[in-house]
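For reference, chains read A, B and C in written order, and residue numbers begin at 1 within each chain.
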Amino acid sequence: MTFWDKAQNVDRRVIYTLLIAILAYILIKPIGLPILITKETKAAYDNLDKVPAGSIVWFSADYGATSIPELLPAQIATMRHAFKKNLRVVAGGMWNEAGNLADMVWQEVKKDFPDKKYGIDFVNVGYKPGGAVLLERMVNDAHQALLGVDFYGTNFAELPLMSEFKTFRDVKLIFEFTAGTPGEQDYMKMVTDPLRIPFSAACTAVSTPGIKPFVQSGQMQGLLMGMAGAAEYELLVGKPGTAIVSMDAQSAAHLLIILFILLGNVGYVITRKRPSARV
Amino acid sequence: MRREGPIILAGMAGLVSIISCFFGAPGFKVVKDELDQWFLIATNFMVLVGLINLTMIHWKRVSQKRAGWGYSVALLVAAYFFIVHGLVRGSVGDVQYKWMYNTFFAPMSGTMFSLLAFYIASAAYRAFRIRTAEATLLLVSAVLVMIGRVPIGSAIWDKFPSIASWIMDYPNNAGIRGIQLGATVGGMATALRILTGIERGHLGSDV
Amino acid sequence: MFVEGSAIQIWISALLTLAILSVVYKDNPFYRFAEHVFVGCSMGYNVVVSWYSYGQPAITKSIMKEGKWLYIIPILLGMLVYTRYFKPIAWLSRYSIAFSIGYGSAYVLTRDTRSLILLPIVGTFKPLLVSGDIWQTFSNWVLVLGVVCTLVYFFFTTGRKGALGVGANIGKWVMMVALGSAFGNTVMARVSLFVGRLQFLLGKWLHVIKA
């Protein structure tokens, strides 16, 4: 076996070991590569930034714990931005874990905004089933659609913010954190396209190709694409978090995978051109 | 009623929604709003199907002491402990229940999917070969996006980010939009087939 | 004990994380155990969340407090699905499924057209001549031609001859680029997930990096 034959058949455990070692090393000793802000992230930032102070915004956590590394930092950064702008946030979602995730964000962000009070500046309505049908119902009667209780079991009557959030028409912007279905398409179909409510989103990198066409068509104003998008938003908000810290490791992993792909292909091309042995 | 009933119900339920969309008569709207609420409630009460199936499969494994039955015990204990604990605590937002979610569910969920990082690295290395022109184009596009979307791309060459951005903005949007348009029309055709009773696969094999 | 960020929480999470990651080396009892516990937790959590998010409020609030007794009908309709476990009356479960799928299908018919067909098509109408900007003109051609040719690629009812053949070929190339970018983004997503877990292990558990 020549070197180029071996290059096409590196043991998977070597790849795994290198991946773990390099990522761990870079996390321990980050390089500090500069992060460029994409136009999509800037558009999402500007979309939230121009919402008037005191307005109500809806944050939808349509993802699970599997997407926490990509979307939780984005949700934390956008919540910080919203509170800096004195916006009032109602959080919920169409996925099971929406309530827990919104709670994680609230527990993290309220440390920096001790004046923000639950029930006045922020309400977590948690997960409600139904997907598109839920959103349709919320366009007309959010309290009825949400059955009048929040994630913690508190009645809406005890939450002053909910007296002003009766339907989606009371919301000045929808920011969705999406990892799949139900997700952004349901919002566009039921809420943002019919009512023309400004709509931005943060998505997992794997969803980015499918969502970008909607940004291009103007149906969404801005998109945080994966962990890179979350890192960019953290930079814009001025409070570094887990996303920024991870980007160097992300870079290293990409480079490693690309090098292995190139190695395999160079080996393939060279061995393919080799004349076959004659017997 | 075993065959025709469900088909008629599906059609009628859908018809109310369709009529209220095109005709704004107040009566229809009230009925539709009520049916929306019924849909939300009905679908919520179907959630136990997964739990029952899982319990049946794993209980059988335990009672027959099949290979790996110990793991089935762990599964059933975990499932019912989470349920009983949640019902006792009175709310999903309860401090203890949140602790259970953050300690057990969230880390395991995240780690399960993080295994994909290894598999995709290995799969990309092994399977991505430039055997044809199409495969080469796919590979070039993938590599350019991978390098352009992370900070090291701009550190190597300042044009990488804009190349990746252009690929995402134009060819990606074009290809994906074409696929999405086709898929949407296909989905609408399937929906029409379901409402008219032509498509019955969801009702079982003997309908 | 039930304090967020407590040592016991971090240690349990870390050990479960390592148990699952151990499968990368090879399948082993620790992984199998953690995998089964995860499936169990997931199912239990889903049931509890569904109950408190909509089940319990529907019964205690809407029906008992607000007197909306009609809601008993959808509750019973939803619960009909469980008749599938009893062979003589298993056919009743079709009503539950028919209602939810039929109702959902109507939404597809009435709502998809504007947001998933019309507005994207409008977004595709880009100027094919941008004066003074050759690159933008070229890019717009890529977009418009790309969408049209991708759609042509999926015409299976006619033969791929002449213009349709050329269009389908262009569509194929456009899709190769799109799928390549999709793959690149998929790699990015998967790596992010592992970086997140590694951050937890090195930060919150081992305190080697700032958590």
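Throughout what follows, a contact is a pair of C-beta atoms (placed from the backbone, for glycine too) under 8 Å apart; a residue touches a chain by one contact, two chains touch by 3 or more.
Computed from a predicted model, the values in this text were never measured in an experiment.
Chain contacts in this assembly form a complete graph, since each chain touches every other chain. Distances from each chain's CA mean to the overall CA mean are smallest for chain C.
Set side by side, B-C and A-C show the greater C-beta contact count at B-C.
Farthest from chain B in terms of Cα centroid separation is A. Chain centres here are Cα averages; for chain A and chain B they lie 16 Å apart. With each centre defined as the average position of its C-alpha atoms, the distance from chain B to chain C rounds to 4 Å.
Our note on geometry: chain A versus chain C, Cα centroid distance of 13 Å, whole angstroms. Counting partner chains per residue, chain B shows two or more touched chains at residues 37, 39-40, 43-44, 91-92, 98, 101-102, 105-107, 109-110, 112-113, 117-118, 120-121, 124, 139, 143, 146, 149-150, 168-169, 172-173, 176-177, 180. Multi-chain contact residues of chain A (touching two or more other chains): 16, 19, 66, 68-69, 97, 99, 126, 128-129, 133, 136, 153, 205, 208-209, 213, 216, 225-226, 228, 250, 253-254, 257. In chain C, the residues that touch at least two other chains are 4, 24, 45-46, 49-50, 52-54, 58, 103-104, 107, 111-112, 116, 120, 123-124, 143, 178, 181-182, 185-188, 190-191, 193-194, 196-197.
Remark: chain A residues 13, 16, 19-20, 23-24, 27-28, 66-70, 96-97, 99, 107, 126-129, 132-133, 136, 147-149, 153, 185, 188-190, 193-194, 204-206, 208-209, 213-214, 216-219, 225-228, 242, 245-246, 249-250, 253-254, 257 touch chain C in the complex. Interface residues of chain C, counted against chain B in their complex, comprise 2-4, 9, 12-14, 16-17, 20-21, 23-24, 32-55, 58, 70-71, 73-75, 77-79, 81-82, 84-85, 91, 94-113, 116-117, 120-121, 123-124, 139, 142-151, 153-154, 171-188, 190-191, 193-194, 196-197, 200. Considering their complex, residues 4, 24-25, 45-46, 49-50, 52-54, 57-58, 61-62, 103-104, 107, 111-112, 114-116, 119-120, 122-124, 143, 178, 181-182, 185-199, 202, 208-209 of chain C touch chain A.
In the complex of the two chains, the chain A residues touching chain B come out as 10, 12, 15-16, 19, 33-36, 38-39, 64-66, 68-69, 97, 99-100, 103-104, 124, 126, 128-130, 133-134, 136-137, 140-141, 144-145, 150-153, 205, 208-210, 212-213, 216, 225-226, 228, 247-248, 250-258, 260-261, 263-265, 268-269. Listed in rising order, the residues of chain B touching chain C in the complex are 2, 5-7, 9-18, 21-22, 34-35, 37-52, 54, 68, 71-72, 74-83, 86-87, 91-92, 95-99, 101-121, 124, 134, 137-146, 149-150, 164, 166-182, 184-185, 187-188, 190-192, 194-195, 202-204, 207.
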